[in-house]
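In this document, chain identifiers A, B, C and D correspond to the written order of the chains, with residue numbering beginning at 1 in each.
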Amino acid sequence: MSAPRPNDPTQPTADDLRRLYRSLRLIRRVEEEVARVYPTDKIKSPVHLSIGQEAVAVGVCDPLETRDYVSPTYRGHAAYLAKGGSVPAMIAELYGKATGCAAGKGGSMHLIAPEVNVMGASAVVGTTVPTGLGAAFAQKRLRTGAVVAVFLGDGATEEGAFYESLNFAALHRLPVLFVMENNGLAIHTGTEKRWATDRICERVETYGIPAQRFPTSDVIDIRAATIEAIAAMRDGGGPHFLECVTYRWREHVGPGYDYDQGYRDDSAYKEWQARDQVELIGGRLTDTDRDAIDAAIETEIAEAFAFAEDSPWPEPDRLYADLYADRDFTPVRGV
Amino acid sequence: MTDTRTLTYVNALNEGMRQAMREDERVFLFGLDVDDHKAIQGSTKGLVEEFGAERVFTTPLSEDAMTGLAIGAAVSGMRPIHTHIRMDFLMLGMNQLVNMASKYHYMYGGAASVPMVVRSMIGKSWGQGAQHSQGLHALFMHIPGLKVVAPSNAHDAKGLMIAAVRDNNPVMFVEHRLLYPTEAFVEEAPFEVPFGKARVIREGGDVTLVGVSNMVNECLRAAELLQEEGIEATVLDPVSLIPLDYDRIARETDKTGNLIVVDNGWTCCGASAEILADLAERGTRAKMKRMGFAPTTCPTSPALEALFYPNPATIAQAAHEMLRPGKTYSPDPERAKLAYQVAFKGPF
Amino acid sequence: MTDTRTLTYVNALNEGMRQAMREDERVFLFGLDVDDHKAIQGSTKGLVEEFGAERVFTTPLSEDAMTGLAIGAAVSGMRPIHTHIRMDFLMLGMNQLVNMASKYHYMYGGAASVPMVVRSMIGKSWGQGAQHSQGLHALFMHIPGLKVVAPSNAHDAKGLMIAAVRDNNPVMFVEHRLLYPTEAFVEEAPFEVPFGKARVIREGGDVTLVGVSNMVNECLRAAELLQEEGIEATVLDPVSLIPLDYDRIARETDKTGNLIVVDNGWTCCGASAEILADLAERGTRAKMKRMGFAPTTCPTSPALEALFYPNPATIAQAAHEMLRPGKTYSPDPERAKLAYQVAFKGPF
Amino acid sequence: MSAPRPNDPTQPTADDLRRLYRSLRLIRRVEEEVARVYPTDKIKSPVHLSIGQEAVAVGVCDPLETRDYVSPTYRGHAAYLAKGGSVPAMIAELYGKATGCAAGKGGSMHLIAPEVNVMGASAVVGTTVPTGLGAAFAQKRLRTGAVVAVFLGDGATEEGAFYESLNFAALHRLPVLFVMENNGLAIHTGTEKRWATDRICERVETYGIPAQRFPTSDVIDIRAATIEAIAAMRDGGGPHFLECVTYRWREHVGPGYDYDQGYRDDSAYKEWQARDQVELIGGRLTDTDRDAIDAAIETEIAEAFAFAEDSPWPEPDRLYADLYADRDFTPVRGV
């Protein structure tokens, strides 16, 4: 990062730090609660937790405005929450309830929050890269000034659609920020069995796309880079790419730890824990501020789970509802 | 209301897209080569000139991501028409079509919708061969959440295009290359042909021929041949395949007691299988038969390609065999050729 | 010859692959995560240890190119088994499967062949949702040149696997996740289950139930419920979907005059449509019905998911309605649950 | 190219030049004949001519041995012939005759020659990149020492499968030479509407794959690079990439010229004609040698067309033949 300038918007104010902490902590605690409740079988779809990776979503989403879009992955709780998705609607969705953000039809892997422009997440790796591209195309065409943050895992970079998307985004100078969450794993397989080299940033740059790598996913650094990328993109500057090296603390899917499974030990986990962004940012707050935020989050979470518990199941006739969107059509001119 | 203006299928497609784009500025047209001088065999001619490169543009050869782009643009406020010069190339976009487009509205509980049109063309003959000739509409019919339409004439090409663009769901728009030069009466003002309403093109009491896409014409020509034998055929055009007008097909089948479904595609798990299965479930007493591509890959050699497709003579023979089993009948090749002069222009 | 050894479906798959790999060193097994400790839910367990990383290996997430790799390796002397943990992911390999694998032998006039097996699993329940639960075998049945098999039990899982690996054509090998723990009698020595031969699993004179993949079990359980009502059902397993044993299905249908086809997939243009259409063309007088996934996307909420799939109670109800129309019947939920204890182990 | 070494196999001998000329000239003349006959409607499938691009196929295929594989494109006449595919079988295939290399079922876009390891060509752009990759995998596994040359157009580099293939080839160090025929066009569309940048070689190198660019597709240069790549690959050296900039003299599909169509003028054509490799290599031969080769080629072509003319159509029952390969299976051990 370059040296801080006076009034540099990339340098967090005390307010910024409180907001960042709130977001990091909310995600951490929501997912811990999901993990705690999971064994009770109240959660009705497989969960891919982001615990340990929160800084990426928070660093990117914090500077986004509501009009900006996020295209998340199936490991998408963090992006959904960081962009301002409703906690009760998310938990209700995990519970399979009618009040869920996808009316109980999507589950954990298919979160969506149109009210804050979180696009639908997909369980098929890589598919939300091109759909995010499409949202960016729409923003450019509709001249909304909005940008799109597309999240993808290291595994998703192996799918051809990723390269097709980079090429098109750069060719059409679309306002899209590709955010690669590189946790070094696709399920249990490390990049050494999947990548010929790790020169991804260099590769992305051959498309004329500025690329930056964050070896420890420091939330302040990611946020700063995002602020600069957003400014450039709102100015018509075309796509940007961030490689955020991070670490998945828990198992690929499900609530537990899996350091006993033989495919990794907990040495890296301990390193990453030592620089846990939730704690680091929390440590920069006053105790009063931190306690107040923590308490508010606990209340919010408790209410969200209670809401999910109390919500009704979808009525049987909902099975057939929403297969097709209705026929309303009002032409729009002057876009 | 009958119109007296005739238009070719290709120009009707063009007019349909043009009017849809004039009507709503969210509509854009993209896909490989839509903006070159060949203009997808003329169907996109003049559109880049009228609407500009922002709304009419070619793409890299990246069908997978471009399909995703259409979906993403559609869910965030645009109305794309994605164009493929061959249906075969859709196989590269299958993941986005099957796993995203068809499911988006349902999977997110109605929170978003995907108003997009995917145009693609069935190729035929001139030795195009295995990978440039497939009619793969049945693959899309199988997946809930997609709509599938297959205009057999210029009138429907325009009316279905306008209806498809106005629809808030992904619509697979199946064209047939051999239909491009065919003419029909087409109103000049924008109009819609509704989905899910089959149309009787010709009435006859002895046998019901259901044709899909270009096979409507082959059926009409078969009907001419059959008439010479004293057999009267009803020819029915389903117009849209999803939704499918099962009731009308059943009614027209019950009237004659004899049904042949002729598809521009394979029969196994095809549109023709779907129609027969539905009728079977209804307990129809009619005799029923499917015709379509031979159950092989499409060969290039004209000696074999000719045998690959149903044609007026083979359709007429099948109907004859159904009505007068055991009686030999093979239409005079000269008369069978003449059948190719039959064409349906309307009124609709 | 009956064997007395029982094996689970997952272990039978494993043994089939293991024996096929021992028998022929050209065989290799690859696909995402085949070599990790979860070993595709155990089905590939121990194979990398026995055959080494050259013959058993994971891949990048690149289904399109990896499918092409299998084809290219097959035409140049190898015999790949390409494994996908979900059938839904095959949509990314559709271009290579539909445009290359299925056509290679024919399109080049027999100059080359493509001996490959593509394993994939239908997921079910636990809220897997829209993109992890599809049974898409009908898409492959539609394309000439592919073979499609769907073992319903451990015996066939092994025998079909060995036959598939020995086959010189691309074979889509459809597994079902819920079947993995189920047991059957399975011979230890390598053996083949032939393609194109349906099997009667249970005989009864009143109604013929054809079940695809896991739906064979649901049909067997439905048969138990029906028996309590004095209705005897034949349960037929097609074993392979392409080639399909049309004749046997027709024979077993004619015996009872009542047919219900229950598929692990959608019915529109599905395997069940194909079976009914064939019977309709034969002029059967039987009553016929299709059951399968609800004609919607698969929802995650258990409240809706339960309604999405056929189950013993709904199958039994459908049969009851067919045989005793208008008579109400709804199996006691407790008895319906008990039906889940029925299992077929053989003999085969 | 580096300075010639004594006995440098990359420097052509007189024999080499005669062979190169024969190959270049054969392709040129076969295709000119195809173009001449095309309007008579005897050729029964669309043809994509390589006229002007011969040097790429010839430079690459000349040093290949029979055991080596070629994975061609639908614009594949040149690669098929350069690798030693039969001329009569090719012409008969274009005529749709039973004696064609694909028994009349493939046509111009689906040539194949198993006897010289030309794999089947495909009409779907990019599909033969992964199939060629598969052949390379087989060569490595079966330890044949053979290599695979995969041809692809500039348009094919836009398909995601290309990047998936690069990654896998490099990861597994497969003996595959990717040969990109960059004629700057996909049908009528230039790379400026399709490519964000032209930094393809640089991009390929990020996979750890050596990449070289040939701005004029000099046949000697391409041959020299191929010889070195083959040597490295037979030694286990993993994939290589060649970008061969070339020019399509005729229309995309069909026999004619299309400089009157408005999408390109003939200025570049004239430049490329001036350095036509057929003439340049021909000019390095003695007149006697050249005349003898030319005459032999004319005879070969005349015979091939006569063979095609005289060959029978496929019998009707062949429609149903060869859908499935037979059931013969003899296990192989010790590979």
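The criterion applied here is as follows: a residue touches a chain if its C-beta (ideal position, glycine included) is under 8 Å from a C-beta of that chain, and two chains touch if they have at least 3 such contacts.
Owing to the predicted nature of the structure, the values given are computational and were not obtained by experimental measurement.
Ranked by separation of Cα centres from subunit A, the top chain is D. Looking at A-B and A-C side by side, the one with more C-beta contacts is A-B.
Averaging Cα coordinates per chain places subunit C and subunit D 41 Å apart. Distance between subunit A and subunit C, defined via averaged C-alpha coordinates, is recorded as 37 Å. Note on chain placement: the centre of subunit B and the centre of subunit C lie 32 Å apart, centres being C-alpha means. Under the contact definition stated at the top, the residues of subunit D that touch 2 or more other chains are 100, 104-106, 110, 122, 124, 158-161, 164, 167-168, 171, 193-195, 323. Counting partner chains per residue, subunit B shows two or more touched chains at residues 59-60, 62, 64-65, 88, 91-92, 95, 99, 106-107, 129-131, 144-145, 295-297, 299. Per the touch definition, subunit C reaches subunit D in the complex via residues 23-26, 28, 54-55, 59-60, 62, 64-78, 95-96, 99-100, 104-115, 144-145, 147, 166-169. Against subunit C, in their complex, subunit A makes its touches with residues 44-46, 96-98, 100, 104-110, 122-126, 155-156, 158-160, 186-189, 193-195, 261-263, 313-314, 316, 318-320, 323. Chain contact summary for the complex, subunit B toward subunit C: residues 64, 88, 91-92, 94-95, 97-99, 102-103, 106-107, 129-131, 134, 136, 138-139, 141-145, 242, 266-277, 279-281, 283, 287-290, 295-297, 299.
Listed in rising order, the residues of subunit A touching subunit B in the complex are 69, 71, 100-106, 110, 112, 114, 117, 119-120, 122, 124, 127, 129-139, 141-142, 160-161, 164-165, 167-168, 171, 321-329, 331-335. Residue ranges on subunit B touching subunit D, taken from their complex, read 32-33, 36-38, 57-65, 88-89, 91-92, 126-132, 294-297, 299-304, 307-308.
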